[in-house]
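Down below are the structures I want you to see.
In the two assemblies presented below, subunit A is common to both, partnered first by subunit B and then by subunit C.
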Partner chain A sequence: MSAPVTIRPSADAAVVKGGPTRSESLTSLMPVLALVSLVIALAAAKPGFLSQPSMTAVVDAAAPLAVLAAGATIAVLCGGIDLSIAALASLSSVLLALWLPTLGGLASVAVVGVAAAAGALQGAAHVFLRIPSFIVTLGGMSLFSSIALVISGAAPVPVTDDGPIRWGFTRIFDVVPSAAVVAVVVVAVLAVLIKATPLGSWITATGYSEPAARLAGIPVDPLKIGAFCVSGACAGLAGVLLVARTFSGGPTMADSLLLPAIAAIVVGGTAITGGHGGLWRTLVGALVVTLLRVGLSVVGVSAAYESILYGALIVAAVALTLDRSKVMVVK
Partner chain B sequence: MSAEGVIAQRSPSVVLEVRGLVKAYPGVKALNGVDLEVRQNEVLGLAGENGAGKSTLLKTLVGLVRPDAGEIYVRGQRVRLRNVVDAANHGIGMVFQEQSLVPNLTAAENIVLGCEGPAIRRGFYRWATMRALAQEQLDKIGSTIDPLARTDSLTFAERQMVEIAKVLRIEQRTHNSPVIILDEPTSVLEPSEIETLFEQVRRLREFASVIFVSHRLDEVLDVCDRVYVLRGGQSVGEVRPADAVAGELHRMMIGSESHEDHYHGSAVTRDETPRERLTVRGLAGATFRDVDLDVRAGEIVAVVGVHGSGREELCKALFGAVATTAGEVTLDGERLDLTGPRAACAAGVGYVPAERKVEGMVGPMSVADNMTLAKQRVRCAGPVIVPKRQSDIVDKWISRLSIRTPGRRTAIQRLSGGNQQKVILARWLVGGDVRLLLLDHPTRGLDVGARSEVYRLMRELAGTGVATLLLADSLEEAIGMADRVVVMSDGRIVAEVPCPPDRKPSPLDLVKEMV
Partner chain C sequence: MAPLVDTRPARSRLRRGVSVRDAGPPIALLVIVLILSLLSPQFRTMGNALNILDAAAVLAVVTCGTTFVLLLGSIDLSAAGVMGASSLVVAVLVENSRNNLDLGTLGILIAVVLAAALGCVSGLLVVLLKVPSFMTTLGVSAIGLGVATLVFDGVQPGVVDPSLRSWATGRLLGLTYLTWIAVVCVLLAWFVQRYTRLGRYAMAIGGAEEVLALSGVRVGPYKVAVFTMAGAFYGLGAVMVTSQLGSGLVQSGASYTFASITAAVVGGTLLVGGRGGVLHSTVGVLLLTVLTNGLVLIGVSPYVQGGVQGLIVVVAVAVAAAPLRHRNQVVK
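Moving on to the complex of A and B:
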């Protein structure tokens, strides 16, 4: 039944200005500005930086991080967080190294599938047991780490024949790292999926105001489980990329990527409280984080200081992007 | 202290004075030049409908809201109140409607909390001193509550007494008689408890001034020495209960012009033989039971009841948003699936929640995204959004409902409240399949103009055969809009009052059934 309704306007309600405010557009441009100024600064500090080999190296180094962070971005957009990604990527690397001899090319697919299932399981625990995703994935992090240690015998698992996964670490036309292409494809596929279908507004609504999303009939629970599933799958893929470049799987191989991945998400400008942000932003964030790490070594700072950088970066980025008007009590 | 020096010497009996207070929120002026005088040892009543500006005014007086313009004088001195502590330093304290005690502390701890004084020495609680301090406060109001009882073991009425005792501690700061604000203190009390509270208020009057706010007119007239009536953010009159009757107060609260728009007249053309659309049989949930209800196509049925009557939960239950334990609901003869909002949406049920900003809109999302949130298929081909379809349907409804927005891409939070509400209503209309609308306080927080637009929209929808269940903001709204009013009390439907355009019952008829 249609409702042919027309309403005369009331006299009130001054017309409001459209579009984002100046401070909003500045905030959303910030990650790109940061990226550009970092490149300029590094080029000034180290003249050879803008050369093709060093750019290739940077992009290559950023790729696994970008894949890892891209998946977790979806979980963050839905209003949750996935702390298990790095541990799951480590576990995936071990699984891949163990399965490659028997499964060959299918091993990568199997690993990504298992990681996706692990993510979905965490999502289901979060949704159905009503446990905060922070806690579920913290538990998952510990669980996955332990499984990785047990099945690997707490030692790296070498890969003897890396043929089936060589696609993860080659240079296309001798210039473009294949891992970077994988990262861009992952980000692009997820971004298009979100942009071109109702998923985007479902995710935004769920992340920004879950009660409103539920009352609009959005399938919030499956959506969240799906988000953690994607997050897990991306962690698995990141694990595959890491094995491809190190010729081994290691039970703690990706563990150091957790902080950089969270940093990439928030530096990109995705709100840690959910609802606002995007995949391309995380890609930019991953590049910023990688460049900062490169920058530290250029300036001659020991890698031992890296974690200080990530910690400070996360706090500073959240401080800049957090919409405090929405958060009544900061816990 | 933040006194700005003596500006003017006021009459000595005036403790608190407010001049020309203005506070605007996007789209609505909550306060529009309020003047107010509180005298020594009097109980001052504040009456007004929802949205009249009562809560904003109170929040201004305790420093929770900063006014855009206007002055506040305490004993003739102009003051700026930046926060609750500022207000307390000037002797103004408030007992909040939604209580502000920490449940897992004892009554004594709550009473001294934030202003411990001698109850803390070298960073440690001195329990004996604290208990004595608390006892002293409780004695002031003649309460027999054990100061060492845990707050969550007390009843609501007892907790209210603890709050009053706590607020009275501001006496120690000012050495003057304080101003105590009671915001809707009776809304969840039993009749016997209300009597106790009134005695308390009269006792407070001996050494303090009280501002008493309630939407129950009989109470205001019963306990207050003077009553200010607020309407549209202005004080429109002052009444002495001795020479006022509830009816007069009511007329002032509502204003003379507002009635006309509520009433149908002949605006609605209807099916000659209206069909039963919604039938509810024996529905029960956590806060309601044995609910039988019918709504015909094209009919507007209002459900009225006091706080705790279960009507909000019933409304949500029909949308599948709260669980039911028994009962059968059919829509056009088919069983309605109450397992969740998603099923209800699919069945052609629409729900406009009371908390628009939290449960209705997604603030930073665009008008278009908000409007199509529940009926994605109207903008999609398969799973993919087609921009052309989206812009067509969204623009159509923007113009049909006269939604004032710079465009469909504007974030909904930039619109005024009335326009936000129209987008939320459009969310259920875009699909063209809505059969039952559940409207939970659809005009809450809207100004007069926006409200009458929502009324008109509701009526036109009813004219197209949509069945509407309305939880109105006020009895007048319920009576004016509805064809039938259903009264709920303690989770049951206790009365049904027909409301045809030519024979509208009076609010008092309904109040009789509600209590």
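Moving on to the complex of A and C:
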């Protein structure tokens, strides 16, 4: 299970610019190249695309997806995966809509807290019970959906007074969508936190080779629980952003965001095998995924192809970024 | 699986452990049936027993497919998408309310072949590109749902074909035809698992893939074949659902991905591969269906069912993994 060559490009490779080997720097640049070529192609197909209102709309649409995917990126970097994010975001939207009348502004904080706790619980189950993370989070997905359906009575919960969460859906100076600012701040805070503390190297080491990380004395178990906790918190925040723009919470509201979120992570170039990747990449990935969706409708392709596209995109991106030196036996 | 373990006398301790594991799910099934019979007078009727068998039919067929993939040590999250595509395709190919096609049995065959092809794509991606199966099958599921949405095209195709409709309504010895199809499928899958090279190798791949590969077996084609066969089972399951619903729906297979994995794991087909089998999984299917039926009769909201399944699968995997806790430090 050793990967002597690929361990070298540690935390530095996480930033978009230059990895040491040519193929790695290529995969690092690929998401940005994809983004740029998509923008050029769309601008050519539809002249008004580069105008400010249309750019604002794209960035705004990408924001909840980016927040959702940013948290899950950390779980992927540790070598796991979180399939429960979309269901947890839906549950959060329901909780927020139910709690807003009584808690007001605190409701958002409470919801993010509950989502973080739910994420941490899954992380703990993964670590202490030794269950693969995708099965824990698949179970979590089912559980959260069911809780959301029960407490909402399987119907959307309307929000009458959206004052306390208006910050999630306004335009700053009439131009910049606040949701996009939230997304950038979330990514920036997490990225700085990871960069400025040993956490970054711990996460990379755990992702590249968990046994080695354990032997090196890295607190792998708390680290993984923390990763799933952050993933949950981000899902909660994404739920808040969704409520702010739809004025309601729905038990299946965010469920369709699971595939786009995973696509954003892997298209950004984060390897599903762990270790290699980064948060800023996911931000780029979220923009690429959103632009692709917009692009499809601009070109006039039926929305049905969207799902096919996500499926193909995920498999292709995973195949490209996979660290093959690490997988002897593919399960 | 017995000969793989039984032949060596030194393994007696292990064998006892295996037999306890094998006996657990059937005992749990009996206990749950007893408890529910005591709690609910409606539950302990002959009619309800037949209902439960009928309700278990589709899940049993789908779980046959999932079981083989789990035996490999892989996982298949594509049932929802594959079933959606297959359900729509069969609905527009047999005599239906949308077009003039009336292919009958050929239409059913095409739908099953399409599903097998989607399964084959998952398998090829796993073997050729070395992408982990949970990712390829998630992708293929999305592709299947896309195909289903394309065929759906905004107008729900209703099934008119009398023979397909009779699958869900016609009865033989008190049970619907669907249930008999499921019985045949389970027996067929058990035969494949027990007596064919494909089944034996699937088990061995899950047990120790490296050893099998080093022994000169080309593992790849068998893996692809297993995923293809799983797809075919999902396709048949989708045709059965379509017969039940009377129309093709994109979401017709949505709940089966998770339910089939839960059923297999609860029945004793472990996620690590190489353990369990079709009969184990079928016990799991009955357990799950009895639980669903019983909870509804006791008056628990149907929305709670998903949550119960979620908890069950995590607990079942945890219990199965518990004896190996100290050996497996690294779990992804």
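Here is the rule we go by: the second predicted complex is superposed on the first by the 312 of 331 C-alpha atoms of A that agree within 3 Å, B and C clash if a C-alpha of one lies under 4 Å from a C-alpha of the other, contacts with A are read in each partner's own complex, and residues count from 1 in each chain.
Here, a contact is a pair of C-beta atoms (placed from the backbone, for glycine too) under 8 Å apart; a residue touches a chain by one contact, two chains touch by 3 or more.
Every value quoted in this text rests on a predicted model; they were computed, and no experiment measured them.
When the two structures are overlaid on chain A, which partner does A:His276 contact: first (subunit B), second (subunit C), both, or neither?
first
Based on the superposed arrangement, let me know which partner A:Ala125 touches: subunit B (first), subunit C (second), both, or neither?
second
Check the residue A:Pro219 against both partner chains and state whether it touches subunit B (first), subunit C (second), both, or neither.
First partner only, subunit B.
So, A:Pro211: does it touch subunit B (first), subunit C (second), both, or neither?
Both partners, subunit B and subunit C.
With both complexes overlaid on chain A, does A:Ile262 touch subunit B (first), subunit C (second), both or neither?
A:Ile262: touches subunit C, not subunit B.
State whether subunit B or subunit C is in contact with more residues of subunit A in the superposed arrangement.
Subunit A has more residues touched by C than by the other partner.
Tell me the contact category for A:Ala196 with respect to subunit B and subunit C: first, second, both or neither.
first
Which parts of subunit A are touched by subunit B and by subunit C alike?
Common interface on subunit A, subunit B vs subunit C: 211, 214.
Enumerate the contact residues on subunit C facing subunit A in the complex.
By the definition above, subunit C touches subunit A via 72-75, 77, 81, 125-127, 129-136, 138-147, 149-150, 152-153, 209-210, 258, 261, 271, 273, 301, 303-311, 313-314, 317-318, 321-322, 324-325, 328-332.
Hey, which residues of subunit B end up touching subunit A in the complex?
Within the complex, subunit B touches subunit A at residues 26-27, 319, 321, 340-342, 344-346, 351, 353, 355, 358-365, 369, 372-374, 376, 379-380, 383-385, 400-402, 404-407, 409-411, 414-416, 418-419, 422, 427, 429, 432-435, 447, 449-450, 452-453, 456-457, 460-461, 464-466.
Which subunit A residues qualify as touching subunit C in the complex?
Against subunit C, the touching part of subunit A is residues 79-81, 125-126, 129-136, 138-143, 145-147, 149-150, 154, 210-211, 214, 259, 262, 272, 274, 302-315, 318-319, 322, 324, 327-331.
Across the complex, what residues on subunit A touch subunit B?
1-20, 196-198, 200-201, 204-205, 208-209, 211-219, 275-276, 326
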